[in-house]
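First chain written, first letter: the chains are A, B, C and D, and each begins at residue 1.
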Amino acid sequence: MVRINGLSKVFKMHILKGKTIEGFKDVTCSVKPGQALGIKGKSGKGKSSVLKCIYRTYMPSRGAIEYDSKSYGVIDLARANEHEIINIRKSEISFITQFLHIIPRVTAIDVVAEPLLGSGVGVDEARERAAGVLTELGIPKALFDAFPSTFSGGEKQRINIARSVIKAPRLLLMDEPTASLDKKSTMTVVELLKGLKAKGTTMIGAFHDMWVMEQISDSIYEMDGGL
Amino acid sequence: MIKKPVLKARNITKIFGKGCPTCLDDDSDFEGNICPDCKSVVGCKNISFDLYPNEVLGIVGESGSGKSTLVRMLYLDIEPTKGEMFLEFDGDLGDDGFSGLPAQAIGANIFSAKSFVKRHIKNFFFGMVYQSAQLGLKLDVTAGGNIVERMLMANNRDIKKMRARASYLLGKTEIPVERMDEPPKNFSGGMQQRVQIAKAISNEPAILLLDEVTTGLDVSVQAKVLDLIRTLQNEIKVSMLVVSHDLGVIRLLTNRTIVMKNGRIIESGLTDQILEDPQEEYTQILVNSAL
Amino acid sequence: MGYIAVKGGKDAIENAEKYLEFQRLKGASDDLSIGQIKDQLYLAVDRIMSEGSLYAPELAALAFKQAAGDTLEASFILRAYRTTKPRVGYSLPCDTKKMKVIRRISAAFKDIPGGQILGPTSDYTLKLLDFGLEEADNAKRKAELEKLLGDIVNYKDYEDIGELPRVIDMLRKEGLVIENKRTKQEDIFDITRESNVFPASRSASLQTMARGETGGLLLLAYSNVRGYGDIHPALGELRVGYVPVMITHPLTKEPYEIGKVKITEAEIIARFNVEGEKPKFSLGYGVCFGHNEVKAISMAILDRAMATSGAKHASNDQEFVLSHVDGIESMGFTIHWKLPHYVTFLSDLDRLRKAQEVSGK
Amino acid sequence: MNSAAEKIDGKNGYNFAFLDENAKKEIRRRILKAISIPGYQVPFGSRELPIARGWGTGGLQITLSIIGKSDILKVIDQGCDDSVNAVNIRRFIKSVTGVEMTTDTERATLVQTRHRIPEKPLTKDQVIIFQVPFPEPLRTVEPSEAETRRMHAEADYSRMWLYLYEDIVKCGEISIGARYPVFVNNRYIMDPSPIPRWDIEKLNNSECLNLFCAGREKRIYAIPPRTSVKPLEFEDFRFRIEDFKGNKCEKCGSANSYLDETIDEAAGTRHYYCSDADYCEKNLNNAVRK
């Protein structure tokens, strides 16, 4: 499904007189459809930078990210134009980021339901499925119509996950998804992710929790300390 | 199913003042927005970009960067000194077979179209929401009347149907329907903006232009207006161009963003990339100076 | 005579006056009598009295002769003479329903109670040069008068046909008209004693227009009805006639008539504006000395126009109207640029030269 | 009486129909242009006449430009031949043309009118000439002439429709009395001159030629025969004519003619008579003959 080779990222900081900072260098790995690839490495070694490059939040400096897209066929995400990336993000790839970007004045259930609205699902059905995922993730019904900005770190993270998985993406990118969760919630998330894998979702994720890494990943890529 | 862009802007330039070869020449470059030779002010210089169907493009930059001038030119409010704009329409036609794009406008540079073609485009193809309500609304005409006017332009002549549509749109923009027959001059700033939005979308435009829509509104009202725009993105097939100096608004609403300074495009890219991995020096400063 | 180059201010002015006098005296024609002006140029006399705000036909005729026919100048002279007269008292309010009418028409209804009285009007005469009047011929003038009078003995300008109901009152009875507030006697503003303040009361507004310059009032009224604030007027009633001037007799304390003045009064009905409840017609009123229908109708239109809320055009803006319609003020200031300005002009010149230097042009 | 009009012994007499031949030719050309663009206001060099501006100089110039020796002229104001201004105009035209005058609508070849159209529709051999005070229907929404001409050029009429909409919202119905705007030939919005809504219907698909002229505002426009003329209305707010609430003409008993209302102050009563004097008289004669 995804074949990465020679991927590198450097940051050019103008404020530091144009000095460049090394993100990571020559990452090469791949993942088959329906499989999960875990990325291992000490923190600060660029694990989330790799994911952000795949999702194109970061502009890759070198290398290629071949992805078998449903709408575009084989496409190099590093060089795809912005309109292709926008469409792929809408219909194929989801990214569970570490932090939830709070949307002011939108309730938890609407935040989770929104990705469905964009693809022609009715409002009621979208909210119903959102409620389902939220319950599965242990979010109490009372919080459905509250604003996420008042939630705890764990609850926000679960909203974040629910929002990314409600539409069973083709490729799911995950950056420390269970970082702020307690043992019990982590178990629930792992079960949910396994469920998704069973339905064919391909995954690439960075996990600090080795137990979760083993549970989910079919293969693991070791960041070599990134200089 | 690669879609064609709905709007193509090519080398749009706006010079306030006499202008001279230096500031008009495409590849001449100079610092700031005052032309070294003829001292005229360069509002915009060589602005080119594409807007795709159903896409939300942000234009961000400090005040004086030329972003409002640009969007006013796109809406044909002011004449550009140079440059072209092409419009495409591939969506389904309006219920009365009305694409909003007259034949003469297909494939032609809209800036040099005849005035009634331009007016047609302004009334049907574009929806515009200005920062200040008096530019967008007739403040003495009733709120419903402001919306109905657009339908009248589409030769609608059934008052009950028009009022039903107007109250539906006002309801959608959370304006109490009983105030439909009141002039907007009695409304609060937030409500005036929402009447503008209702008016802008009344003819189901292909492109919605939003010029600093939430500037000057207090936070809670701003959130309401932004929330309304987000729901519109999902419900109606429309491309949007959002001009703002507020990075929060840009992050919330847009997929792609263009960064402007002194009338020029400094950088453009996916919104999250611009905000989290800015390439140009000015963008890095801009992004890091946000609260 | 040729042009006399004269040096020095005082001599120049004296000679100018002599030259002006000469202009009036040259030519072979007979000297113009005040009586001729009063009788045969009575419309000019009426206009000068109303703009000069002094009802004195002889003096107005004199001013007209002295000003060689310039009505602005003549009303100016009359206004200046008026200043020399001390204020002896105020007349009592007069009800123009009792006007001794010589002309009374309404455009709103075909027939009106008391009848449409066409009276002396040039409205329906053809504006063709009447060469019959070319030769001054006293005999012919007397003969024509006799022919017209026929067997009428001691002709009076008006016959007493009693009170004529107002057209507006009929509409009022049907509740179709918005009531204008009545001003109490003691609240009446006197623009000759205090300067206008804005927003001006209706009494101040009507007084200012009553002595306003006919052309100015006409322009503003015409601009209104042509679309700039249009009030869609209809002429409810126009009356020309004589009203008694009543004062409280110093001894008997009874109302006492000291004479009659000829006035023109116009009432217009304008488009109704919805005021909360039932839509109604709104009113405009205009009255002035002498027979001057243009002025009275223009006043009535402006009276209503100025009452329009949210003034979008000059004619609706009371301050604009009342500040510009007085002939003596407007004529005086507009032509004062003839006075020497070489001191101020020099300083402007200096600024301009400096500006050109700076911009390097 | 203005003696000059009778004798017309002016220094050297006046040309047939007062206007010089070049003026007539120019006005006729403008009339042809107006006929070929129904509803479009044609600017023209309007001449001053011995009649006051705003008192019918427009209609008069058309009549004087197209009248021929064999024409029979009817002049009415408020629908009646002996109304003061009609008498005045007729007398002037008579003095400068010597053409036969009539009060019989059917016999007239030219009808010059103000504020009314005769009740009996005119035929293809007749021309009706309207005196027009305000030629520009869009004036109610836009004072500037430059802007209204652009609006006509681009058929940009939404502001007029918005005005009607707001009228309905404020007053529950369209509050325009006379001068009700009409849509001519599905192209131009036109001001039919201050005729009552009662008469508007007669302009639509008329047999006769309708000519309009505003002297002071210097515009000529026309509605040729068989032209569609529709009052501006909404599907659910139809155009409504004056309602006489069942009253009939107290002279001829007609129930289908526009009525004048007069008030008898003393008795406090109201009386109604036909506004079209000729039509009323004919009714009377027929009634008498029957």
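Going forward, contacts are C-beta pairs under 8 Å (C-beta built on N, C-alpha and C of every residue); 3 or more make two chains touch, one makes a residue touch a chain.
In this text the structure is predicted, and so the values were computed from the model without any measurement.
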Rounded Å distance between chain B and chain C, as computed from the means of their C-alpha atoms: 56
Chain A-chain D separation of Cα centroids, rounded to whole Å: 78
Separation of mean Cα positions, chain D and chain C [Å, integer]: 34
Arrangement of touching chains [line / ring / star / complete / other]: line
Pairs of chains satisfying the touch condition: A-B, B-D, C-D
Residue ranges of chain D touching chain B (in the complex, touch as defined): 150, 153-156, 158-159, 161-162, 165-166, 168-169, 233-237
Of all residues in chain B, those that touch chain D in their complex: 115-116, 119, 123, 141-142, 144-145, 148-149, 152-153, 157-160, 162, 181
Contact set on chain D toward chain C in their complex: 2-5, 9-11, 49-52, 55, 78, 84-85, 87-88, 91-92, 134, 136, 139-140, 143, 170-171, 175, 260-266
Touch list for chain C against partner chain D, complex: 109-114, 118, 123-132, 165, 170, 226-228, 230, 274, 279, 313
Chain B - residues contacting chain A, complex: 1, 3, 50, 52, 55, 219-220, 223-224, 226-227, 230, 233-235, 251-252, 255-256, 269-270, 272-273, 276-277, 279-281, 284-285, 288
